[in-house]
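The next part holds the structures, each set out as structure tokens.
Heads up, the next two complexes both have chain A, just with different partners, chain B and then chain C.
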Partner chain A sequence: MSSVHIQNITKSFGKVEVLKDVSLNIPDGEFVSLVGPSGCGKSTLLRIIAGLEQQSSGQIRIDDRVIDNVRPSERNISMVFQSYALYPHLSVFDNISVPLRMSRLNSIQRLPGLRHLLPGARAVEKGIRADVEQVASLLDMKQLLDRKPGELSGGQRQRVAVGRAIVREPHAFLLDEPLSNLDAKLRVHMRTEIAQLHRRLGATFIYVTHDQAEAMTMSDRIAVLMDGELVQVGSPDDVYNEPQDIRVAEFIGSPRINTFAGEIRSDGGVDLLGVPTGLVTDAEAGPAQVGLRPEALRLVPVGEGVFAGTVTHIENLGAELMVHFVNENMERPAIIRLDHIERHRLDVGESIEIDFLPGAVRLFGPDGARVPTEEFMEKQLVNA
Partner chain B sequence: MSTHEAVQAGETPSFAAASVRARMRYQLIATMLSAPAIALMFLLLIGPVVAVLLLSFTDWSLGDSDFNWVDMATYQEMVEDDIFWKAIANTLIYVGIVIPGSIILGLGAALLIESVTVGRSFWRAVYFLPVMSTLIAMAVVWEFMLNAKFGMVSQVLGFFGVEAKSWLQEPDTALPALCLIAIWQALGFNMVLFMAGLTSIPRELHNAAEVDGVRSAWDRFWLVTWPLLTPVTMFVAIITAIRSFQVFDTVHVLTKGGPDNATMVLVYQIYQEGFEFFRSSYASALTVVFLGFIFLLTLFKVFVVERKVHYQ
Partner chain C sequence: MRRIRFGEIIKQLVLVIGAIIILAPFYQMITTSLKAPSEIADGTLSPIPREWHAVQNYTEAFTATPLARYMLNGVIVTASIFILQVLIALPCAYALSKLRWWGREVVFGLVLFCLLIPPHAVAIPVYLMFHSIGILDSYAALIVPWTISVFGIFLMRQFFMTVPDDLVDAARMDGISELGIVWRVMLPTALPALTAFGIFSVIAHWNDYFWPLIVLSSREFYTPPLGISVFRNEEFGFEFGPLMAAATVIIAPLVIAFIVAQRRFIEGITLTGMK
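The block that comes next holds the complex of A and B.
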């Protein structure tokens, strides 16, 4: 196992710059997720690490070794493709044994048929069988070894693809949206399995997904990629609680963070929809955006709220309740997350009042970058 | 049908009789509507085959006003006819050379053209040219190329010390020369089919092979390309086989089956017997044999190719 270092990688397809100066150091044994909306360049970055695509500039290192001019087959990196890319004519056993046959047999022994005839090849083949069976029992698919990929379900194919990746000991595992073709229930289940697999193997995993929930639940660190730029890298907690860019704040977390029109006054005070928030900042005065997660908002009795709104929709998720509301100053409805116990007798169309903790406010400047804030004599300002 | 079954089938017993009548009427209408197509099929497709089959049991010659049934006499004559066996052997040799030749070269051309980055459509057009031109016209060119004195083939081979010959007039080389022309012509067509097959192989499969440690084009070919091309290859083989069995035009234009029947093939013998010697019944018997071969190929295609080589 090894560390992977991505240094100042850029990539253009013709005139389109798909990756812009991406740098990321991944220590040995880490599970890092590359997350971002579709088309932001995640797969391209992964393919550059694998060597399937040549970067326009920048450097990839494994440990201390620069691998820019090393062919994919010589990089010793495993990859699970989004389409799984199983060899359709080979059985599950043969699919998984391809990487082993390529490294342990010579090109004559590999010829169809000969590996069962040549005495040297037969011995190697025995070792390969043992290794493949070990992987199959690790992934609980021993009974599938004789089947062809066409006879497997989506989830089983995904397992075979993972099996083919882990059967050798590569420097790193690259996974490109491996769960995106599975149904919702299986997806949640496989999240746990892959996270456990990572713990068991202790290997370096680079996991690409557009699903922030997968990134949040599985990773040691999340790298958020937006329009070809790495906007933030940090632990799931870090990325969720301290987003450094409004795009990160909006991408991570479900339901989405609420954003309200705000303003930085010339005295440094921060207003939200014209109401003081009790926060101050050193940033330049002018318009700003205020982010508040649904769980940071509180429903309060009439007369105690910071602002008011009308309920437009209620999503009942059983354990919790998502209440959508809007007022005349808001561009689109905001959401409050309520625990089941707080489930007041709310109805669509009802007027409610909302409060929040100033400490939960995330302020973003006009360019979308995070603006640091400090709390300042909270109650006075809120009730002013 | 027991009451229970009838109910299960969605009918109540009291309606069963009515529904039988309805079904019969439905059958009748369906039969009437498809009758014209069936009649045409018998008239145009099955009719002639049956006619040929019947004709092969007579002694009829073109122009005769009368004929006699002779049972298997024509076939008896055929089995004792050396030219017939020669024609069968030549046809099989011809098919046996043209199929692998045009497949290997067609696939090779397709792989080479796929691997170049510039001028792909130019090369594709060049290789496809023989397919689009008529073989009769191109036969003139080949006759010239295979000429002993100034033919290109003789000149090139002469460069390597091979003695010049009239390739089409020598018993040893006439059939191979015809095979060469057939391969030359079929190559472009097969290449286009292989190119279509190559583009249908998912790019990620080649990527997966790379990542799995496949280093050489040789390994990639055996691991991914060749197995995934199996359906196309089978299709190409069948098409080429059927076309090669029908070889006639080059034989007629270039060798007339000679020298000494060295290039006598089945269809050319049918032509000679039927339209030069006017022995229609013998030509019919040969045609029956010919149709037998085509039928075997069709069976092979239906039962082996279409069953076995589909993944998913």
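The block that comes next holds the complex of A and C.
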């Protein structure tokens, strides 16, 4: 097991710069997720780590070893592909044993039929069988070993792909959206299984996903990649609560963070939709964006709110309620998350008043970067 | 209900008529190979021989000419051609579909261009080249011109394009070399396409009359179609019985091979394991 160091990696396809100076150090045994919208360069970065793609500049190290010119199979890294990429003509057993056969048998012993005839090869083959069976029982798929990939369900194929990755005990695992071809229910189940597998193996996992929920639930750390740049790296709590960029704030969390037009006044005070928020900042005066998570908004009795709105839609999720509302100053509806106790009070079209805690406000400058704020004074009430 | 039945009858009728038109010459060939010369000569075209002459005709076919030798030549030539075509076409198709290199599109364009060149058009230049290096009238003369099959390269390339890149990358991660990927990963997944190509190639070269006729002068290298022609030259006159017997013998391996391969053809190998 090993640490992986990604240093100043850039990658261009022709004129298009897909990765821009990406650096990330992943300590031994960490589960790190690379998240970002489709096309932001996640797979490209993973393929560069695997050696399937050559970076335009920068360096990849495993522990202290620079692996830039090392062939994929000699980097001692395993990869699980989004499409599983199982050999369709081989049984599950043979699929899992391919990496072992390639490394433990020489090219003569690998010739068709000979691995069962040559005495040396037979001994190696026995060892391979033992290892494959151990992996199969770890992943609970011993009964599948004789089947062909075509005879397996999506979840089973995914398991075989994982089995093929772990059987050679690599330094690190690369997983490229391994759950995206599964149905929603199985996906949630497999999240737990992969997280457990990580704990059991204690290996370094680099997990690529465009699904922020997967990243939030499984990772030690999340690295958010946007347009080829790493915008933020941190623990799930960190990334959720202290987003350093409005794109991170909008990407992480479901439903999406509410963003409102704001302003930094010349005296340093921060306004939200023209209402003082009770926060001050040292940043330059001018327009800004204010982010507030749905759970940071509160429904309050008439007369006590900071701003008012009209309910446009209610999503009932059972345990909680997502209330969409607008007012004339907002570009698009915002969402409040309520727990089920409050639900009876609301109907579409109803007027509501909303309050928030100044501490929950996340302020972003015109360029999208986070602007630090401090609490300063009491906020104004709507009708004060 | 009635209309469906009626449509069904028409459909079957058309198929039956089509089958009769296509199969009639074969049937004629087989019955002729079983008839006595007198019966063939009177031109009655009776569907069943009046007098069975099968043993004489088939014995004549095998003894008057070294038919078995011609068949063996046919097997040697078609098998060598197909094996060499596969050895060349698969790596080429792999390079054209799964490797990124400068000029790949241009080379593929050339492959497409070569598809347009009829083999007969280059027959004379090839003949002259073979003459100057002195390999006319040999197995090599029969085999070498066909070893690079642009059609094979094109067909396999199109098939390889449908094989997911991830599968190739997975093989690289597992430590399989590039050539290893061609033979251990691409070849097994491409078996249906390869079978189709094999049928095409074997039929074309087993039945080829034109090229062997041009390059061969010694009978020892004759392939089956040339062998048949021996029956209708000056020495033998027109002996339709043995001629048709020889023709039947020559066609039989193809028919049997097709029936065997047909199952494979249709079964194919499901590619569902990749998705």
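Just so we're on the same page, the second predicted complex is superposed on the first by the 377 of 384 C-alpha atoms of A that agree within 3 Å, B and C clash if a C-alpha of one lies under 4 Å from a C-alpha of the other, contacts with A are read in each partner's own complex, and residues count from 1 in each chain.
As a working rule, contacts are C-beta pairs under 8 Å (C-beta built on N, C-alpha and C of every residue); 3 or more make two chains touch, one makes a residue touch a chain.
Here the structure is a predicted model, which is why all the values come from computation and not from measurement.
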item	value
Combined model on chain A: chain C and chain B, fit or clash	clash
First, second, both or neither for A:Pro119, with chain B first and chain C second	neither
First (chain B), second (chain C), both or neither touched by A:Pro372	neither
Partner chain(s) touched by A:Arg157 [first = chain B, second = chain C, both, neither]	second
Partner chain in contact with A:Ser103 - chain B first, chain C second, else both or neither	both
Which of chain B and chain C A:Ser83 touches, first, second, both or neither	both
Touching partner for A:Leu111 - first (chain B), second (chain C), both, neither	first
Which of chain B and chain C A:Lys148 touches, first, second, both or neither	both
Common ground on chain A, meaning residues reached by chain C in one complex and by chain B in the other	47, 50, 52, 71-74, 77-79, 81-83, 85-89, 98-99, 102-103, 148-150, 164
Chain C-facing residues of chain A, complex	47, 50, 52, 71-74, 77-79, 81-89, 98-99, 102-103, 148-150, 152, 157, 164, 181
Contacting residues of chain B [partner chain A, same complex]	202, 204-205, 207-216, 218-219, 222-224, 227-228, 230, 311-312
Residue ranges of chain A in contact with chain B within the complex	47, 50-52, 71-74, 77-79, 81-83, 85-90, 98-99, 102-103, 107, 110-112, 148-150, 164
Interface residues, chain C side, partner chain A - complex	164, 166-167, 169-176, 185, 188-189, 191, 269-275
